[in-house]
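The following pair of complexes shares a single chain, subunit A, combined with subunit B in the former and subunit C in the latter.
Entry: the complex of A and B
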């Protein structure tokens, strides 16, 4: 499911299936935005069912995705650490939002 | 606050949720004040909002830190929203267009809350309460309140649209007071809490004026009177005094021998939801504990309680009871009692969902910890254990198998343990109708849920409060059926719902063969006197 590729030199994309039982709800959304904010890159996210890209650093926007279990989450990032950002976010979703170590 | 002549003496009629009287300061807790803030220029307003947001952020972060664990994760959602520029942008845009900070914030949040409420997904709908919490916290800060948790003076008549149990618990009721709800329901969770604490509560009052300084709340007549005249206060105080005297004489009745009816001894046991409930002054007169709820062990904790914590609670209650029987009900989570990390999220119809024993059987890990703690407690006193929300005999047997396994494992570890007598709650009509199929040591009728399922009325829906009548002949018929089977086969039957503590219902229960009632400690005196009076009237219904 993890698939990152460099397109046009700048934009990094990746996609991953959401396995979280309750879908993209408050706690997963908070974890995702917290992780996204650690990167300088501009990061966008959408589900394969929605056309519009939204800001991956906005928890309120991610809640509006209403991504259900088993939907595919797509990331798109540009900027210096874009590759690391997409890899980390894909890993977070694939691992079902584990509690991060303090 | 001065008394406003247009409010003084206004009286509202509602429905009784908990009997009692209160006279004290009138405090509205949910209405955010709509006045009193001077509006500045757009840059001033933007600055005021920024300050309020960061203050709210600090408050929520402090709450999260104090709570820890799961609760902290939930509060982090609010923290994340406060740091979300896209979330805040519509508010700042409105301010730049000339709106005041509080109006802009309130209207932006109202839109978001409406959006969450319109979601098909119930979990998402429930998140709107997080947004409402955040909205109110920021508004309190903006409007000059300290933004801290509400401070309610002792003995106050607290008025709210509705009140979640958590806010009820935040209020200090040690000096009395009362609760007046504009909506709400007598069958709600918060009504149960009010009855357990003896706090008068009236619900469904409709629109009530704000701005009164004091109020009288009459839990018997189900009325709320704002800024009463001194004559009205005098009258009220006399009624209250009479109520106290009645209660005092009822208490004297408690000291007399057990209640009897038609020559049969009627056993009166108590319902408790935590160890501390045994401290109620009347509790000592009970014939035992007919229902110890355990899901309150799960509430407000960061983690599910471990075996030793549970054992300590069960053991404490058994020690308090001495030789008297103690019936502990295994976790009855789900329905209107969600527990994060345990109950199912997003059920369309939680009351018909995975709750009670259904839920426990799906979580043998969590259930196993409770069964181990109970098996250890079983050797310490007169313990009985019952499963809630049982539909078929297979479920009882599946629960029993897990229990037997837990006992075996403990004994193989060299730990003292025993299998206590196992019973079931009778609250699903299917169980009541086929009661002879269950190999239970005892039955306990949960009349609240039984009435809900028999009348097809959601307990939490105030609009149906009149229809969910436990005296509906269909409900009484099922109760009679279970009592009759118990008498015929020598299996004890008790009833632990609200109707056992309702003097109106007691004659119907006794005449249908029940000889064991389990009620809140605060209702013991009243019910014992009710039974005595029935007896002296010849004991016919």
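Entry: the complex of A and C
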């Protein structure tokens, strides 16, 4: 379910199963985008069913991801904090988008 | 966290303005200042320039304020409100060309990351670009 590996030297990838009952709807999309923006790394995301990578920091694009429950979300990041970014995003999805207001 | 762009919601209906602000607070969180106004002074449908000015000042941030509006008069009255602000604030307020609910949520999400007013506006307006 949780897999983080270093591929091609610089690019960090990770994948996680979406367990949220309603799939990727508006609230999880906002949380995912907000978390992604905390990192400097370039972060892309896609579902295993679609080929196209989208920018994880673009809330409008994440909202159109329309990932269903039990689909697999894949992350790909490059940059200084890419590893931490992928780990945090995988954890967010794995933990079912918990509320964590500062 | 550093300052974030403030969000103002201007609807003809106070209920819609309040409901949109509630959605923003619940979905995005409390780090972004959100103010709203709606309805005329008698409690009917409409928008009111002085209410909008108050909302802008309530949501004020050194990074500026993005306004989301619904129909016709909400936009023209918001533009009038911006013109009536103190001169140093006038250039730090934009009226976004975006759907009010979606635009407010996306603008606030972008603002929460510390983005500039131009970036916040651009994200809100992505919705009406296509």
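What we mean here is this: the second predicted complex is superposed on the first by the 101 of 102 C-alpha atoms of A that agree within 3 Å, B and C clash if a C-alpha of one lies under 4 Å from a C-alpha of the other, contacts with A are read in each partner's own complex, and residues count from 1 in each chain.
Here is the rule we use: a contact is a pair of C-beta atoms (placed from the backbone, for glycine too) under 8 Å apart; a residue touches a chain by one contact, two chains touch by 3 or more.
As the structure is a prediction and not an experimental result, all values here were calculated from the model.
Superposition of the two structures on subunit A leads subunit B and subunit C into a clash. By the document's definition of touching, both partners, subunit B and subunit C, reach A:30. Contact with neither subunit B nor subunit C is seen for A:47 once the two complexes are overlaid on the shared chain.
By the document's definition of touching, of the two partners only subunit B reaches A:22; subunit C does not. Of the two partner chains placed by the overlay, subunit B and subunit C both lie in contact with A:59. When both complexes are overlaid on chain A, the residue A:38 reaches subunit C alone and has no touch with subunit B.
Clashing C-alpha atoms between subunit B and subunit C appear in just one of the listed stretches 127-135, 181-189, 289-297 or 433-441, and that stretch is 127-135. Residue overlap on subunit A between its contacts with subunit B in one complex and with subunit C in the other: 26-27, 30, 33-34, 57-60, 63. Residues 26-27, 30, 33-34, 37-38, 57-60, 63, 101-102 of subunit A touch subunit C in their complex. Residues 73-74, 76-77, 80-81, 84-87, 112, 115-116, 119, 121, 123-124, 127, 130, 345-346 of subunit B are the ones touching subunit A in the complex. Taken in their complex, subunit C has these residues touching subunit A: 1, 27-31, 105-106, 109-110, 112-114, 123, 126-127. Put simply, subunit A touches subunit B in their complex at residues 21-23, 25-27, 29-30, 33-34, 55, 57-61, 63-64, 66.
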